Every structure is written in structure tokens, then in C-alpha cells.
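Structure record follows, encoded as C-alpha cells.
A, B, C, D, E and F are the chain letters, set down in written order, and residue numbers restart from 1 in every chain.
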Amino acid sequence: MSELHTVNKSPFEKSSFASCLEHVLEGSAVLLYEDGIYAATKGTAVEGKLKSAQGVKFYVLGPDLKARGLGEDRVIDGVEIVDYEAFVDLAAEHSKVVAWV
Amino acid sequence: MSELHTVNKSPFEKSSFASCLEHVLEGSAVLLYEDGIYAATKGTAVEGKLKSAQGVKFYVLGPDLKARGLGEDRVIDGVEIVDYEAFVDLAAEHSKVVAWV
Amino acid sequence: MKFAIQINEGPYQHQASDSAYLFTKTALEKGHEIFRVFFYHDGVNNGTRLTTPPQDDRHVVNRWAELGEKYDLDLVVCVAAAQRRGIVDDGEAERNGKDATNIHPRFRISGLGQLVEAAIQSERLMVFGD
Amino acid sequence: MKFAIQINEGPYQHQASDSAYLFTKTALEKGHEIFRVFFYHDGVNNGTRLTTPPQDDRHVVNRWAELGEKYDLDLVVCVAAAQRRGIVDDGEAERNGKDATNIHPRFRISGLGQLVEAAIQSERLMVFGD
Amino acid sequence: MSEAIKKFLYLNRRAPYGTIYAWESLEVVLIGAAFDQDVSLAFLDDGVYQIVKGQDTAAIEMKNFSPTYAALGDYDVTKLYVEKESLEERGLTIDDLMDLKWEDEDEDWAEKDSIKVVSRFELARIMEGQDVVFSF
Amino acid sequence: MSEAIKKFLYLNRRAPYGTIYAWESLEVVLIGAAFDQDVSLAFLDDGVYQIVKGQDTAAIEMKNFSPTYAALGDYDVTKLYVEKESLEERGLTIDDLMDLKWEDEDEDWAEKDSIKVVSRFELARIMEGQDVVFSF
């Protein structure tokens, strides 16, 4: 089973998203939540980072997206929007969770 | 009188140093302290940012540099190493202080 | 599945405790087990009974306590981190000569070994921080 | 010169309170005036009398209190931020039905207007945060 | 007090909800409005996310404080500077922001926009012109 | 307990002193050493600053906790992985770091280096091989 990485900070404010991507292996998953959701939105100056991560599956937490006024239409294609139930499932399904706090 | 800007976070961890430099006007001063001192050290991947700031005077807080094991010889040429007394003087001499927390 | 939860930040200032709460509540509702919730660093501030947030906002501390009551959760506040930050129970008050306590009765103060044990005994460690 | 000091973070977790303390102490020693030290956000946690840091470390709260005593400083903890985080004095305990207080006697709890007034009355506002 | 009026700038550089700074900063602005100073707000970096419209916090069980921005006009806080470059870097336009207005007493209560999009350089100049800058 | 030994990795990504995470993380490592797990520490991003030698905190009046790293070997914590790219980005080399050693009981107490500089990709592989990753 592959790993689940979590990122909860804005890619514009902190380097944790960039650092996570530099250490994620192919076949792993990344969940973006809290201010980390901004990394999953379209048309930003950092959009290319997520798009160029080869073989990595991205998830974004819908409740945090909605709180910040960003609709599902703003999420980069291929990123899956999930709720807390799916967050729990993802944590259970992957072999371990690495928090890039 | 010009402004004093303060930055207390690592330029590798947070974007506050970069944002500060984008808003500093010529003739202003920037004091680097706490983890902000790393922006004042030589040979780093972000060294160019400080060096290319035109007409801006940089200061770095010696006590924070020393705490982190970095000698004065590691500080970029032209950056002035100051103590808390000079920090207070700088705050008093400039027209106001802008904290990039 | 058996989860351990680690929370590194205090209530309100950061979303960490909120996210951890919603994760924990959802996991429990889905039938998973929470071996322990460990409050570390400023996370110890989630364990004070003295908070009074505005009435139209969530009560982070009471919410943890109520979830703890409902599911018999082990809510552990790290003693070393708590001493630095002023979270005190009867034992700590006596040992350190303090004239008051502020721990919420649904939380308990214990050592860092409880975090390590939680990581050993659980199948997944979830860390919520800044 | 007249300074106002604003502190946004609690003790130990961040260096903000340490830096603010050293700045304030140095300014006072140089003959400057500190109009007020205002503790906001998690900064309110600097005002608890219940901390017991390790003996070989600085005592952030007592150090502020001692500096306050020596120079008659106005150490103000924001009431709204304090309520969310569980920093309580006698008045707050009574108003919110709390069975204990934890404010250090050298600090006082007051409103946000005290920060605005400090910015108006002082010549420089110094902000220390995360 | 017979003090001269000071120019206050509130610097908003953080996203909402992930941390409380945005909200508690807004509380200072509301209290500060009673002091009759010359108040401006600057939204730059992730601070521009604070005034994105359509915020709905129900599913994260936090208080949605964004409606408070609409009340600023009633408190005579009418100068909200939003940095153009910060919007662009985040793929946002002015249409993504709340429509914040104030009524100009001197022009028969004409409704005016509170938000003014300015360039990074203009914002730097605005900051230069202040007496006090609040950071949170 | 008859549990299998788990592979624990402590992820150190923060500079010392600006925040307490580095220090309180080290406290977990020391306590955790008593539990007989297979422990590794990773220093990457600003975490590499934690083990820079010559730290002197007297002038900031904080406790210098850096000598504790030298004690890790006595606690059988002997695998300290330092990311090469993180060092390079910060203008640091291995010579800037503390000289951390441990004594190998199986080889007549021969002194060995605890620090091993690894590439970013190697570190990613090391992370992949763990059972539990602690973040602070």
C-alpha cells in the first residue's frame, strides 16, 4: 500500500506543499486541506507544481474549499474532492500518513 | 524619514521575506531577526533576493545569528550586524515600523 | 482500524484542533477506534476548562470533552508541554505550588510516553498542526 | 521615545514573546518609554500565573511580570482573545461562571480599544508575531 | 484628547479559517473605528482570500465571519486596498470578491465601492504614507 | 507487550529557537528511545539548521538544547539522515554540522558517525520504508 501525505498550509505562504511534492513517490496520494486547498485551485501561479507531479493522486477536502468560497469548478481537473468520511477512508487505506505540517 | 521593515521568518519556510522585499521602497531598511536571519547568510539559494534589492539597507540581529550557530563571517557583505540596542535605535530613527509577521 | 491522533496547536488560533476533531468524530461514527488523542506543544491549551468563546461560535474544548464522554476517549495532555504553558491539574498544582487548576475534568495530564505508546498500539498516527 | 508593543503569540511555542521582551527591556534601559504592552491572539497566554517551565530555562511569564514591576509597565491582555483561550481574572470568572482564575496579578484584562489607544498615544507600534 | 488624526493601515496577509488572524484583525478594525482615525485596510498575499465571496463554513463548523466585511462601510471604514498582483497569482479577479460598498454622506448618500484594486507599487506607496501599520 | 518492532521516523523540518517544535520533538525522541523501536531521524528543509554546530543562545536568553543531540547515541538513536539538497540550498556542508557519534557494541564499541547525508530521493525512499512518521 502506498502513503498518504497531507498538506494544510497555503502554497503561497509556506513551503510545505513544495517540500511534500519533492518527497512524494509515484503511486502515493496527497490530501490538501485547511489552507492547503489553495494548491488545488485553477489558474494560480503555483498550479504547475501539482500538475507536474507524475503518478501522484491528489485529493482536496470539500468542506475547507467551501468555507473559503471556492466552488468545485475552481478545482484543477483530476483532483478529487472528498469529505471527512473519505479523508478517514484514505487514511485507513494507505499504509501510513505523513503530515507536512 | 524612511520605514523600517522587520522579518522574523525563514525565507525557506515562509514567503514573508519575499513579500517584504516586493513592497520595500528605495531608501528603506529591513531588519532580519529570529528565523529571519537565515535570509542574511551567504551561499544560499535565496541569497540573490537580498542582493538584488536596490537602495535598501539590511540589518541582521546578532543575538539570533549567534543562537543559531552562524558566525559573522557567514553574513552577506553589506548587511550590518546589530544588537538589541541598535534594534531599538533603528525603530526610533525610522518614521515607522512595518512587521512582516 | 485503530487511530492515534496528535494535535500540535491550541484552540482557535489554528484550525488544527478543529480538523482533528472532525476527523476523530467521523472516524468514530464510521466504527473506527481512536486509541488516544494526544495534545502536544500548544495543543495542551485545548484542555483548559476556563474558555468562554462567543455564543455564536463553536466551543472547541467542550466539544472535545463531549466527544470524549460519548465514546470514552482517552484525551491526554502532555505534562512537559503543559507545565511550560500553564495547564494544571490537582497533582501538578500540588507539585509546583500553584493555587489553581484549569484542566477540564474530561482530559488527563500524562507523559510523552503516552504518545509513543499510542503510535505503537495504533495502526495509523494522524498529526494535526500548524 | 514612546513605544507600544503588540505580541501575537504565546510563550515558548514561538520566539515572539522572547524577542518582544528583550526589545522592551532594552528600550527601557535606554530611557525610552513603553506606553503599553498589549497581548493579543495567543499572546494572551503570556499572562497566566500557572506556568512552571523547567528550572534551567527562562520563565517567560514571570520575566514580563518582573519587568512590569520594575518599570511600572501596563501589561494588557485582550479580553476577547482571552475568553476564547481561557485566560481569566476575577471579573471574568464571575461573569462567565468559572470556578478558577489564572491571570498573573501583574497583568490586567481589558478591551481591544487599549491596543488602538496605544497606537494613537505612542510614537512607534512594534508588532511581534509568528 | 486633542491628538492629531493618525493614518492607520491594517495589513491583511493571511487566509481566513486556517488561522484566526484574519478574524481577530477585523475585530480590531471594528473597535478602532470608534477612535476617529484615518483608517485603511490592505489585502495582499493570502489576505486577498479573506474577502472572496460565497464563504460557507457550515461543514467545518467554524463561524463564518465574512459578512462582517460588508458592515465596514457603516463604520466609516471605506478604504480597502486589494493588491492586483496578489489576486492574479491566485487566479482571482475582482468579480471573485465580495461587493463591498459605502454610502457617501457628502454626495447625498451615493453608494460607492470600498474595494480599490491597486498595483504592488501603489500599495507600497500607500504603506509609505501611513503613520501606523498593524500586522496580525 | 509482544508487539513487533515498528520503524519510527521523526521528521524535522523546522529551524531551532524561532519555534519550539525542534526542541519538543527531540524530547519525544528521548522518551521514545525507551520503547525499543527502530528509530530514525530525518533532517530536511529548515530542520538541517537544528544540528548546526556552535549554537550559543546566551544573548537571546533561551535554553541551548543543541548539546542534547550528542546524547542521542547513548540512547541508541544512531540513524540521523540529513538531506543533501536541503544543506546545499542553505549554503551548508556537513562540516557545518555537529559531529554526532555513537559507539557500536557489536564492533568493540567502535565510534561511528550518526549523521548520514542522503539525497532527496534516498530520503523519500527512507520515508517510504517506515511504519510511523512523527511530524512536529
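The working rule: a contact is a pair of C-beta atoms (placed from the backbone, for glycine too) under 8 Å apart; a residue touches a chain by one contact, two chains touch by 3 or more.
Remember, it's a predicted structure, so these values are computed and weren't measured experimentally.
Participant: Going by the stated contact rule, which chains contact subunit D and subunit E alike?
Facilitator: In this structure, the chains that contact subunit E and also subunit D are B, C.
Participant: Taking each chain's centre as the mean of its CA atoms, which one is most distant from subunit C?
Facilitator: Computed centres place B farthest from subunit C.
Participant: Is the number of contacting C-beta pairs greater for A-E or for D-F?
Facilitator: A-E
Participant: Tell me which chain's centre, taken as the mean of its C-alpha atoms, is farthest from subunit F.
Facilitator: E
Participant: Working from the CA atoms, figure out how many degrees subunit C turns to land on subunit D, in steps of 5.
Facilitator: Resulting rotation angle: about 180 degrees.
Participant: How many Å are there between the centre of subunit A and the centre of subunit B, using C-alpha atoms for each centre?
Facilitator: Computed from C-alpha means, the inter-chain centre distance equals 33 Å.
Participant: What's the distance between the Cα centroids of subunit B and subunit E, rounded to whole Å?
Facilitator: Between these chains, centre-to-centre, one finds 27 Å.
Participant: If you average the CA atoms of subunit E and of subunit F, how many Å lie between those two points?
Facilitator: 43
Participant: Find every residue in subunit E that makes contact with two or more other chains and list them.
Facilitator: As it turns out, subunit E has residues touching two or more other chains at 17-20, 45, 60, 62, 132-133, 135-136.
Participant: For subunit C, what residues touch not just one other chain but two or more?
Facilitator: Within subunit C, residues 8, 12-13, 15, 19, 22, 41, 54, 57, 80, 125, 127, 129 contact more than one other chain.
Participant: Using the touch definition from the top, which residues of subunit A touch two or more other chains?
Facilitator: In subunit A, 8-9, 12-13, 15, 34-35, 63, 96-97, 99, 101 touch at least two other chains.
Participant: Spell out all pairs of chains that touch, sorted by label.
Facilitator: Contact pairs between chains: A-B, A-C, A-E, A-F, B-D, B-E, B-F, C-D, C-E, C-F, D-E, D-F.
Participant: For the complex, which residues does subunit D have touching subunit E?
Facilitator: On the subunit D side, the touching residues are 6, 8, 40-41, 80-81, 111-113, 115-117, 119-121, 125, 127, 129.
Participant: Across the complex, what residues on subunit D touch subunit F?
Facilitator: 12-15, 18-19, 22, 54, 56-58
Participant: Which stretch or stretches of subunit F touch subunit D in the complex?
Facilitator: 17-20, 60-63
Participant: In their complex, what parts of subunit B are in touch with subunit E?
Facilitator: 3, 15-16, 19, 22-25, 96-101
Participant: Note which residues of subunit B are touching subunit F in the complex, please.
Facilitator: Of all residues in subunit B, those touching subunit F are 8-10, 12-13, 34-35, 38, 41-45, 47, 62-64, 66-71, 74, 83.
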